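Each in structure tokens, the structures are laid out below.
You will see chain A twice below: alongside chain B first, and alongside chain C after that.
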Partner chain A sequence: MSSTFAPMTWHDTLYLAPELILAAMFLILIITDLILPQRVNRSLIGWLTLAGLLVSLGAVIWRMIDMNPSGVSAEEAAKAGQAISLLGASYRVDDYGNLLKIVFLIGTSLIVLMGLGSTQKDDAVTDKAEFYYLLLPATAGAMIMASSGNLVTLYIGLELLSITTYVLVGLRKRSSLSAEAAFKYVVTGGIASAFVLFGMSYLYGVTGSVSLADFGTALPQALTDYKALVYVGFFFLIAGFGIKIAAAPFHAWAPDVYQGAPTPVSAFLAVIAKGAALAAVFRLLYSSAFFVSGGSKDQAGDDVMFALLVIAAVAMLVGTLSALRQKQAKRLLALSGVANAGYLLVPIAVSVTIIHSNNFAEFAFYLVAYLLMNVGAFAVVTVIARATGHEELRGFSGLYYRAPWTAVAMLVFILSLSGLPVTAGFFGKLFILLGAASVKAYWLVAIMAVSTVISYYFYFGIIRQMFLRSNDEAETEIHVPAVTGLVIWICAAATVALGVMPGPLMKWIDMVFTIQGDLFVR
Partner chain B sequence: MMDLTDLPILSIILATPLIGLLVVLLLPKHRNRWLQAAAIIFTLIPLVLSLMLYADYDRHQGGNAYEETANWVEVPLNKETQASNGVTSFTLSFQYDLGIDGLSLPLVVLTTLITAMAAFASVHVKKRWKAFYAWFLLLETGVLGVFMARDLFLFFVFFEITLIAMYFLIGIWGYFNRERAANQFVIYNGLGSAIMLIAFILLVSTAGFHIDQDTSTFIYSGSYADIVRNLADPSAWVNLAPDQTGGLNPFHMSDAMHTVIFLLLVVAFGIKLPILPFHTWMLKVHNEAHPAIVMIHSGILLKMGAYGLIRFGIVLFPEQAKDWAIVLATLGLINLLYGALVAFRQTELKLVLAYSSISHMGIVLLGLAAFNEIGLQGAVFQLVSHGLISALMFLLVGSLYERTRTTTLSELGGLARSMPFISGILLAGGLASLGLPGMSGFVGEFMSLLGLFDSQPWIAGFAVIGVILTAVYVLRAVLKTTFGPIDERFLAVKDARLIEALPMIVLLAFILLLGCYPSVLTDTFQYSVDGVFKPLFSLRMGG
Partner chain C sequence: MDSFTQTAWLIPLFPFAAFLLLTALGRGYRRAGVMIGSIGSLLALIMSLLVLFERLDPNAVDYSNSYKWIDLGDYTLKVGFEVTNLNALMLVIVTAVSFLVNVYSAGYMKKDERITVFYGYVALFTFAMLGLVLSDNMLVFYIFWELVGVCSFLLVGFWYARPAARAAAKKAFIVTRIGDAGLLLGIIVLFWYMPGHALDFSSIHNVFNEGQSGAITMTITTSIALLLFMGVIGKSGQFPLHVWLPDAMEGPTPISALIHAATMVAAGVFLLARTFDIFEASAAAMHTVAYFGGFTAIFAATVALAQNDIKRILAYSTISQLGYMVMAMGLGSMTGGMFHLFTHAFFKALLFLAAGSVIHAVHTQNIHEMGGLGSKMRITAWTFGIGALSLSGIPPFSGFWSKDAILGTALDEDPFLFAIGLAAAFCTVLYMSRLFFIVFTGKSRVRQPNEVRESGLAMAIPMVVLAVLSVVAGFVETPWNGWLGNWLTGGGEEVHANGFAIVASIAVGVLGIYVGWLMYGRAYREQSPAAARMPWLVQLLERQYYVNEFYNVVIVGTVRWIGKLLHAFDEHVIGGAVRLVGFTAVAGGRVMTRLNNGQTQTYGLTAVIGLVVIIAAIVGRRFW
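Take a look at the complex of A and B:
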């Protein structure tokens, strides 16, 4: 294999442009923050961060257009669409990574906008500039995870993301909850990273390679020699990533951390950090475990996938059941995120077969739907928190009278979260359910449906507060900052649009994405 | 008259309330009268259109002429894994597919009629008019969509829209315990919808699969027509056992799975119907929601359960339906007797009517369980008839409550003296409910039981007891309200205003029309019996 050391060339930097832009912007903004006098409003840094994200997004899209040319012959298209392998195959630029990078960059952009509306006014955050520019390396870490070609790059991306988010969670320096959250997150996050690294070391030990491309051929042999060690390796990896994506039973940190962190950071953890870890699991398993499952005589891959299915099922049930008694908005969203991690794991764990092979499209669609509804809901929480001074669910009471349009948008997010039409969440869940049903995983279909019904109880509880109750504390109108309003409306409009017409997005994903070329690392 | 088939008439009927919704949203929120006028206009238009459609219908037998389809969701499933078999593409296809037949058309007319009458009855709504009429009109679109949709997922989407709209309508404009009623409504019906969704997903992933020979495309289709065709076609993939296709057929539906899906459908729609013991939510809704909403709920929404049971349960799974007919009949009998007995013990007029609904829905089940033509005719007749009668009764309850501020039977009495008109209509409605010949209630009960005597005489014999009990509890409730000594408080109350009287007269007129000329309804339904149901019955009866 091409895992010999190769120095970086000028061409490589072009391929790495999206990540490099974020890194450069990060350095520039640190220095700017140091030089700028105190009296200058730090929202400037926020807008520059947003600009950096959008330029990086442009670079990703440009790369995608380059790799998926239209109006050329089939061979040329296939040639252009080939995954680009960089730095001794440790880094891959392909449609899998690019699609997810687009999701991460759009998500982070929305979160920066949300921060411009809320963190700017949050007195507990002393260094406002830090909040903005630390999102850049965090996002770059997520992008590296989606694009990595070997275990080392994967781990570097994971740590880049983790360490910056440890800082971000503790940014509300005047709040003891934030400090507690940061401490808990550092400890559990550290354990998770250790698990991941430990699992990786076993995989390296039995296959003799860190490259994802080698696992497909090396694993069958490794299984005959060191079967137990392979299992240990995979299960440590699953446990480590399980903590990162907050899937039950590895989810206990999530409510505390989401509650203490600044709300935009909670949204970042819920959407980007979770999405990146899921992307890593997806790539990793389909480059390794998948090749020792199904037809092959060693069924280790099937066991790994089954373990993932069990985690998915447990996450859905535990997430919804423990959310039933929740009275705090961000804790509730954290637990709903646990359940959603379960839903997102299903298309990964339901293996690719001859009759069901659009796992990635299901995954990506639901990830987009999840991003929109969650970022939107967190944005509404920032509005509520500013108006009432707390983040309890009763703060939603009478929202319809105080900010009718925000209440309507929140209704859209809640319908999407509870998987009701006509929202993106409905089709997202429907596609995943159909996928599970087509491979006859009926027990999983039943669990998904049951947990969805249980979730109606608390989701409709919020609707009840907003529309059926009036607020005793204040009947005054709530002022929604323009940027926050923008985030809320982008999310709501996109949620409804995808709920009415999910076809175009699914078609587009299917058009650019191929299992052979983009998912499997060979 | 212009030929209706030239227009996308179903879409127009479906969209009119939505246009009304936009108009309502644009009107100022304190103008109660304007808002109600808009709601009345935009519910009368679909009523007129659907009546025209009803009149036009018999010229196009089977109703296929009105089918309206458009591609809604076409999701490609990954192409790589199929490329080796010469398959060009593999798609998941959901259609925007509307259609009517003799089963759904009467229910569409019933919907437009009752919503229009409920729009009149909304004169008693006291607050937040704008939001009320907005949800009200959305509800109408949802219900119409349920009866028209010919794609499983389109059906599901409309079904859920009614769920969301009803939640708000119950929870905001109901009586004291409205929030609890709304919650219970959402949880029970949400469970029902989830079970229905599971059944639909199982159906689409097996019976929905077919290969388009012309384009060599694999398709998972949500289309109702495709699924009916595939299930009936012995050479379709769903009916080929794995050993007939070389050991592997992921689309095969085993006998056990047939039964499981059928039972899932029975439970899903049984919650809506409601079949005992899933009825508690429905009592709360009847008792707590605003009377105009209960008119729609009792008059139409419960019918969605029976409609789904016929449309999906019986048509798709006739063999299972026949095997389980005795169970359905027993459940129906329990509904009938339990509802009637408990109704007799109620002290609250609204609850008498709620239990009466349970009892009457039992008759629908009995008619279905008869599993023959006359029984099915009776069940559908009973659906429409009960829709009209219960809408009328709750319209009256709304008007009574406005005047007396109570609907407890012990406090009412002698109202015939101060409100002769309302009392007269109440008596007429009661007589229709207990099945007096010449009114619609009689025909439905008679035909259902006639059908049942043919196939399950013992159960039919017991069911007759229920019919007698109905007379007892209805007369008790009506007489307690209208005759006897009158409370002094109620001596001065005024009789119905014109806006209240109008819908009462219209509904009663329809009840009498169906009672005297049942063929108005049965002829329309007959087309569907000939086209869809007769083959089922004859095939299964013979074999």
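Take a look at the complex of A and C:
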């Protein structure tokens, strides 16, 4: 073991403040919900959940500022920036985790706001308070995954996230679709967990350790001794996480589940759950497979990365092709999420070289872009579903004449989803594309381009619907709840802002994050 | 102190803010809309004047500032602005005309339902034009160049209920696109060959100013220059892409004054001035530019002789005058070109506004249904007269000095072009005399004479201001005082003072007015006796040399024929391939949908099969 196990001290709990805040808030809100009389509107719980998320966000940002001091000597900065390792390197507080936690917390906050505008009025959801406070442990799970330093914490985070989302998906108790979705999600999630555990057990078996910190040294030896077992371990891990990420061919559950779940929960699955699984894969592979890749001889790591690239390519193609015939808005977004999972896997899997080393910046930038455009699009779907009573794509027809500003915002999201300027999605895809091109993975570049072009077909279909007048929908004005409007406009404004000036964010990530200091677990 | 220069980037933001406000307000707030638009352009004007005053200091140095926009690998895309004497002059021209047009439109567009939309578009145009003027590199320049094109499209088609307006808007956009394609290609070639892929104007200046010792070969220089010139031909209405400009007169008249006389069409000439070093490095390009300009000048001037629509006459006159500017540039006289741009902006805007005033009063654009308006519309008649004299190049009006600067250069550089310029000048005087006499003198032929009255103050004041400017603007550069040239080029250009040119141009002017008075002034005739003897010539001119018909038959016809061929190819070869791809995609989609059958066990099975396939593929790879 590279670091000796040290028990938690009171001081250490300070490092865990963001997660602990969420946990404490969760417990408080459960009790509050029990005590509060029935007649009190549960949106109070929603606002308290939001408050908890924002306080936690503040704690993360405070930690980041603490770890990246400005105006001090390089030596001091390096000392402050050193990753904090807790409980024998099983939990890590570093810039990698913190950056992703910021993304998760902002995303969940937007989703809570979206819920205040939609789920709050959804009659199929009987226990509104549950919707809000269950998001807290789910987010905490995602944060644990981003911060975990060994397989056990990683798995705990994964299950915390999964189990709470199983419940969240089934919250629309008066809807059979929701129950069906929850059931399917539990079963598929169970398969995923089984795959992940199986893979983990093999890795533990061949290296004798569950700590990511030990893989770097133990794997090369293990590879010579038990080559086949190493392969099996990695492939099962990839398949298990592939299900969680909803990358093809492990994605089949996603459309059903997104369709049945309350829309804010679909957004949570599409953005936070997917992002957390991607974050775990990123960290896991860079602590293990990375050390058995490169060089001249056949290396298992290269194969693992290549498998990931293949999955990325398949996800892009399958996601866009299946979306072609889709008529339901949430299923469409689910399939677009499959394709986007493919894009997000690319920076993880393409090799790091001297000329191309900002994989994480590309990944994080696109994750942010994806968060903004997806949460925004789901928020628009809630508005339309409320006005028309269904979630079919034809609900969008004539939207421009019924809610012009919402239609314009949706236009921004769709342009971003299809990767056109001037939006965050354009630069996100461009950076990933250039990254893949700079390591000469031209076949992947070609597939990205082809799937992007195919995707124009159904994205532009929505645009056409919105801006063409139609007769079959009554031309009444659509009412947009203020909180939902806020979510839509935050997302649209940020999407455009990042589309006009992607430089500052990219530069900041590059400045804060180093592969050596923040990603590798040593 | 040059604090205003350093904050010049604020100038375009005033009209842009006005545009945003107007868009947000919607159609309701008519009065407020007019105020917002006018104040936006007024602030821009004040700021531009302050910048200009700073630039008048002989020690003023060019200022540029750019901001790194995006890092793409080792290439950095920058956006920025630059203030030079040339830009400062353009800033004042654009903001001054824009402000006056804003004021004028308060009267002219008063009854239009969509007046706020109109002001919004005008504000957006002003923003785009100012951005174009201030841009410090070719890429940003190009973006704004396209944006002014879009605004022009929107404003030409402003009355979109009229089919002619829609057609004209489309034509304007498509025809200029042809030139823009050349410009874009030129920029790409420039980008490719410039050291360090720099596209900013100061680097361009440095590279091409060294003459032929530079890094770029003669052939490349010439092709870049000619490609850029294609953009100029499209935007500044040079032959053979001039056809959109007369049709663009379907737009509201204030727009004709602002966009299609004073500013946007001059952008081409401004581009020539901005990239003058590239052109100067290639004698072949310079000759091409000069001859295109000269030909356009005489060509359009003759067409203007036989038109009967007051705005179309002015449109052809604009094309002809732009031809003068381009010719001056081609002859190496940047000062001459910019000077004429400067004076032309004022007197042509004035002529359009006065024409608008006439149209507003008589509700027609046909000059044969006007007549005798001088006694009823004194301000309009006087200001139009001043504009006409200025355009005709009669001293001491401003047009005389700028045209004389061009003709003087032409006489020194290329006597043939001087002759053409002189002939075009004669035509100019003739068609302006014809226009003036037919519209303002003689008996009234107006259908409802009692309704004719002078336009209100909102319209009259901008006309008077422009009339004053048309008189005095010429004194910045005279044969004995080369101030403007020194200021613009840093004293690099000699003053072409030529007694013969002055005498000749005055003689032509006086002769033209005399002939015009003989033909149209003494008594109204539908047709002059000279024209009656040569009906074919009149017909030829009236039909604008059949250029439109030629395009319709030859180009559109050929394109259509090629189109049919391509369509057949498309239908059977490409279409087949596409259908195949589409079929594959749809079939693929169908298979995907089938896999997505709602059965959870299938989902699990798919995942497992997927895993096995991937393992087989990856591990199998090892054994090959």
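Operating definition for what follows: the second predicted complex is superposed on the first by the 513 of 522 C-alpha atoms of A that agree within 3 Å, B and C clash if a C-alpha of one lies under 4 Å from a C-alpha of the other, contacts with A are read in each partner's own complex, and residues count from 1 in each chain.
Here is the rule we go by: contacts are C-beta pairs under 8 Å (C-beta built on N, C-alpha and C of every residue); 3 or more make two chains touch, one makes a residue touch a chain.
As the structure is a computational prediction, the values presented were derived from the model and not from experiment.
Trainee: Under the superposition described at the top, does placing chain B and chain C together on chain A give a clash or a fit?
Mentor: On the shared chain A, the partners clash.
Trainee: When the two structures are overlaid on chain A, which partner does A:Ser438 contact: first (chain B), second (chain C), both, or neither?
Mentor: both
Trainee: Just to be sure I read the superposition right, which of the two partners does A:Met8 touch: chain B = first, chain C = second, or both, or neither?
Mentor: neither
Trainee: First (chain B), second (chain C), both or neither: which does A:Ala194 touch?
Mentor: neither
Trainee: Quick one: is A:Trp253 in contact with chain B, with chain C, with both, or with neither? Answer first, second, both or neither.
Mentor: second
Trainee: For A:Pro502, select first, second, both or neither according to whether it touches chain B, chain C, the two together, or no partner.
Mentor: Both partners, chain B and chain C.
Trainee: Now for A:Ala51: first (chain B), second (chain C), both, or neither, which partner does it touch?
Mentor: A:Ala51: touches no partner chain.
Trainee: Jot down the residues of chain A that show up as touching in both complexes, chain B in one and chain C in the other.
Mentor: In the superposed arrangement, which is not itself an observed complex, chain A uses residues 427, 430, 434, 438, 501-503, 506-507 for both chain B and chain C.
Trainee: Residue numbers of chain A touching chain B in their complex, please.
Mentor: Against chain B, chain A makes touches at 352-358, 360-361, 415, 420-422, 426-427, 430-431, 433-434, 437-440, 442, 445-446, 449-450, 452-453, 456-457, 460, 463-464, 467-468, 501-503, 506-507, 510-511, 513-516.
Trainee: Flag every residue of chain B that touches chain A in the complex, lowest number first.
Mentor: Residues of chain B touching chain A: 72-82, 92, 153, 156-157, 160-161, 163-164, 167-168, 171-172, 178-179, 182-183, 186-187, 190-191, 194-195, 197-198, 201-202, 204-205, 220, 250.
Trainee: Where on chain A is chain C touching in the complex?
Mentor: Residues 183-184, 187-188, 191, 195, 231, 235-236, 238-239, 242-243, 248-250, 252-253, 255-256, 298, 303, 306-307, 310-311, 318, 321-322, 324-325, 427, 430, 434, 438, 454, 501-503, 506-507 of chain A touch chain C in their complex.
Trainee: Show me the residue ranges of chain C that touch chain A in the complex, using the header's touch definition.
Mentor: Going by the criterion above, the answer is residues 68-73, 585-586, 588-590, 592-593, 595-596, 598, 600, 602-604, 606-607, 609-611, 613-615, 617-619, 621-622.
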